[in-house]
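Pasting the structures here.
The same subunit A turns up in both complexes below, where it pairs with subunit B and then with subunit C.
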Partner chain A sequence: MINLVHNEMVKIVRKKRLFIIAAIIAVLVALFTYAQFKHVQDLQERLGTNDWRTQLQQQIIDAQNRLNSSGLSDEWRKYLQIRLQQQQYYLDHDVNPSAPGAPTFMRMFIENSIDLFLPLMVMVIAADLVSSEASGGTIKLLLTRPVKRWRILLSKYIAMILSISFILLSVTIISYLISGAVFGYKGWNLPLLTGFTINGEELNTSNVHLLPQWQYLLIELGLAWFVSIIVGTLTFMLSVLMRSTAAVMGIMLAALISGAILSSMVSSWESAKYLFMVNLRLTDYISGTAPPINGMTLGFSMAVLAVWGFIGFVVSFAVFTKRDVY
Partner chain B sequence: MKVTTVKVITILSILASGLWLAGLGMTIKDQFFHGAVSPVKESHLGETANDKKERFYLVALGDSLTRGTGDESGKGYVGYVLDELKGKTKQPISMANLAIKGQRSAGLVKQLQQIEVRRQLQQADVILMTIGGNDLFQGGETLSHFSIDRINKAKVDYLQNLDTIFKTIRTVNPQAIVFYIGLYNPFNDLRDAKTTSAIVRQWNFDSAEIAARYPNIIAVPTFDLFELHVNDYLYSDKFHPNKEGYKRIGERVASLITLTKEEGK
Partner chain C sequence: MTKNATLVVTDLRKTIRNKEIIKGLSFELTEGEVFGFLGPNGAGKTTTIRMLVGLIKPTSGHISICGYDLHRQFSKAIRNIGCIVENPELYPYLSGWENLEHFARMVPDIPKERIVEVVELVGLQNRIHDRVRTYSLGMRQRLGIAQALLGKPKILILDEPTNGLDPVGIREMREFIRFLAETEGLSVLVSSHLLSEIQLMCDRVAIMSKGKMIRIDTVEHLLKEQARVAWKVNPVETAKNILSKETVVISVQGGTLITPYEAKQLPKWNEKLVQAGVEVSEIQPKLPTLEDLFIELTGGETID
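Up next is the complex of A and B:
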């Protein structure tokens, strides 16, 4: 088994995709670091101070003013209201939610990439794991070996999980190194608040507790890993079902993008919460942002994702072991 | 070489997998099974860092007038005050505009309870404020269901709130000079202008009386600024000032600020 997995890893590394992904991450992180740096500078200039309390207070006032204007959609109003209460809570408890530093940047990067960017990178690896063997014809060579089919597929699956871990590791290390050059490398022990729950338009703070940032980051990375594996499994399933890698990519891309769009407009279509793509933003539950549909919780979203992942896993193995290859 | 790269990547991946799995486990432990939560400590005014600075600090409080609603450049009179002051002195000036559109006196009383708002007030050299417009006009209701009784009732509450506001400001920051900017009559060219003007005049007078109870709270009139050609100075909602209107208020307030500063020296 170990040899099989190693064999699959050799194939993945040979394709040089992992390095391309690392390069893409590096470019994006550099871009975002610069954008963030500009943003901080601009804010400082506008308010004439770099005191985070003043800045946060100003954000709260701005949000309050926006809430008082007419023509605000209900979803946006709710989002603003929740965020407002949360910011006020941070302020009242003297905790800075965005103290400058590389760990803070990493946290924001992960929160913003969990529903589209990371799944996209995972797709780059997973989309052609099986389909390329089918379209290239190498699958016959692979299956003529005296190894059970499910073992072959499992070795591919494990290799995919390892690649996902590697992608996340690259994200962590690259974003730390690059953003740290601008924002400094400190801030692992800054306290952050988590445990907000949302009831309608109210923010419930009874379970709120402090976490050091490193722990908070580890939690978010764990969740990002979980999401990536689910997306990876679904891509893997499609890769088993279809010979064309382009088709696999197309379908997954459509699903992911539709998820991003749906999240911003499904609040009245309640059963949409069983779709996997609106459940990808798991980190929002940790930070306390309003979910796209009322009543969604971390447990719910993880369960929905796990079910989708399980189905994808079962289907891929069932199809792969039974299919005629010619 | 190739083989070692693969090995290194594989081993790193395995280690990373373990790390992420630990993260996931921590998530479940922290989010689903966290024990009794020790309440997070609230901050108090004395604890927060309070570095007195070199810069001249302006804090603006109140409602849409201070916010600058109606000024297409978004500055409002506060922005023009700031511009004027910046032209006069080389000292760095910074400003925090804490005004909220539609805010009434009761809302401002509440806002002044917030720790952070108090902290900023404490650092202020000058405080600019408008309040009462929404208490009086109540989003136009005062006009459509016109009744003196009703206005007088609103005024009693408002004056009490105003007193609380001034008292709070003076307790938090006894030195800063407060400019309380009065109301104008946006309905000056309508039919019953005489009645509405009388009401606004009385309202301003009573507010100024309250302001006079406290040291260094200066009631700045704007009534006269809008008495002639009121429509030239009003935004299209016929209620808020437009750019020109705000400029006039800003000029007036700015001229007062330099004067009082020189007096202090």
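Up next is the complex of A and C:
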């Protein structure tokens, strides 16, 4: 088995996939670091101070002003209200929600990349794992070895998991190194609030507690890893089912983007919560942002994703081991 | 001495969407022979080969490789087979050497020396560390064979091995295949729709058409059986009447009659013609090519 996984890793590495992904991450992180830097500068200029309390107060006033203006959709109003309550809580308890520093940037980067950017990078690896062998014809050589088919597929799946872990590791390291150069490398022990639960319009703060940022970051990384594995498994399944890598990419991309669009408009279509793509923003449950549909919780979303992943896994293996190869 | 059978196929069938594509094939391969698989495009050659190497599951029938059942003891059975199905498709972004390493890792106990050995056998030493992307078709074909020989198989299955090669390449391939069978004792199964190729390199031939085996026989036998004699005679009518009594007149082409070739009978037939006052100016035995034979056996059919 180790030999088989070794083979798959050689192929992934020699296709230069991991290198390209690392390069994309580096470029994006640099871009966002600059954007964040500009944002902070801008705020400081506007407020004439770099005290976060005034910044937060300003944000609260901004939000209140927006709430008072007409023409807001109900969903947006609800969201703003919840955010407002949360910010108020931060202010009252003297906690800086976005203390600059590399770990904070990493946290924000992961939170913002979990539903689109990370799945996209995972797709780059997983989309052609099987389909490229089928379209290149090498599948015929692969399956005429004295190795059972399920072992070949499993070796590919393990290689995918290793690559996903590598992607998350490089996101962590690259974002820490690059953003730290601008914001400084401190802030691992910064206390962060978590445990928000949202019941309807109420922000329930009864379970809120403090967590050092490094722990918070570990939890988010774990969730991002989980989401990536699920997206990877589904892409993997499509890769088994289809010969064309482009078709795999197209379908997954459509699903992910529709997920992002749906999240902002499905609050009245309740059964949409069983779709995997509206459940990708797991980190929102930790930071206390309102879920797209009432009644969605971290446990619920993880269960939905796990079921989708399980189905993808079973379908991949069932099809791959039975199928006639032409 | 009878040679051992390495591959035994019994009543192999494949049905796809209620259409029977392979209709009960049975044949055997023995050690050290080159077995030709002949048929027009769409006769079911490639489907059969894919079933032999486990890519397609037969609807019914048995495939036994060196005594192992392909279905139930897949790994043990397939270890004895080396194959190229259709084109030799390898990983273009890896070097030839890396490709071989890749496949060597999938089979237990293939030392590095074995890779060196097969590379030398197919004569790729000079380019083995270049990427496969830069290889010519002939080199890819060789690398494909190197890959097939890695695990020291007893049976080599080559689907259209001379496809796309130039005349020199075709001759080299032919000689190489003969070498493997005669010197290394491999059973080689070669498929082709090029009759001249099969005729030159195979010991036995199976002729396939519409998913059925029409004939399996040695090349020699098939050719001899279908041999003809052309008689250039005058007057044609008289000659035809006389010969019809002795044998079958297959066709009349101008002043020439065609009959089956029977060496012992020829002088007798000739005598009768001469006695009847027929001028026999030419008696020419004609050895048919597999081409003629094939058209005769399949009735020059088209694929439906």
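FYI, the second predicted complex is superposed on the first by the 326 of 326 C-alpha atoms of A that agree within 3 Å, B and C clash if a C-alpha of one lies under 4 Å from a C-alpha of the other, contacts with A are read in each partner's own complex, and residues count from 1 in each chain.
Everything that follows uses one rule, which is that contacts are C-beta pairs under 8 Å (C-beta built on N, C-alpha and C of every residue); 3 or more make two chains touch, one makes a residue touch a chain.
All values derive from a computational prediction rather than experimental measurement.
By the touch criterion defined above, A:D324 reaches subunit C but does not reach subunit B.
Shared-chain residue A:Q215: touches subunit B; no touch with subunit C. In the superposition on chain A, contact of A:M296 is made with neither subunit B nor subunit C. The partner that reaches more residues of subunit A, of the two candidates subunit B and subunit C, is B.
Legend: residue contacts after superposition of the two complexes on their common chain; A:L169 is shown touching subunit B, with no touch to subunit C. In the superposition on chain A, A:I110 makes contact with neither subunit B nor subunit C. When both complexes are overlaid on chain A, the residue A:Q58 reaches subunit B alone and has no touch with subunit C. Looking at the shared chain after the overlay, A:I161 reaches subunit B, while subunit C stays out of its contact range.
Contacts of A:I178 after superposition: neither subunit B nor subunit C is touched.
By the touch criterion defined above, A:V248 reaches neither subunit B nor subunit C. Overlap of the subunit B and subunit C contact sets on subunit A: residues 6, 10, 14.
Chain contact summary for the complex, subunit A toward subunit C: residues 3-4, 6-7, 10-11, 14-15, 136-138, 140-148, 322, 324-326. Within the complex, the subunit B residues that touch subunit A are 2-3, 5-6, 9-10, 12-14, 16-17, 19-27, 30-32, 34, 37-38, 40-43, 47-48, 55, 67, 92-102, 114-117, 119-120. The touching residues of subunit A, when paired with subunit B in their complex, are 5-6, 9-10, 13-14, 18, 47-49, 53-54, 56-58, 61, 64-65, 68-69, 88, 91-95, 161-163, 165-166, 168-169, 193-195, 206-211, 215, 218-226, 285-286, 298-299.
Across the complex, subunit C meets subunit A through its residues 50, 53-57, 74-76, 78-79, 81, 83, 85-87, 89-94, 98, 102-103, 105-108, 147, 151.
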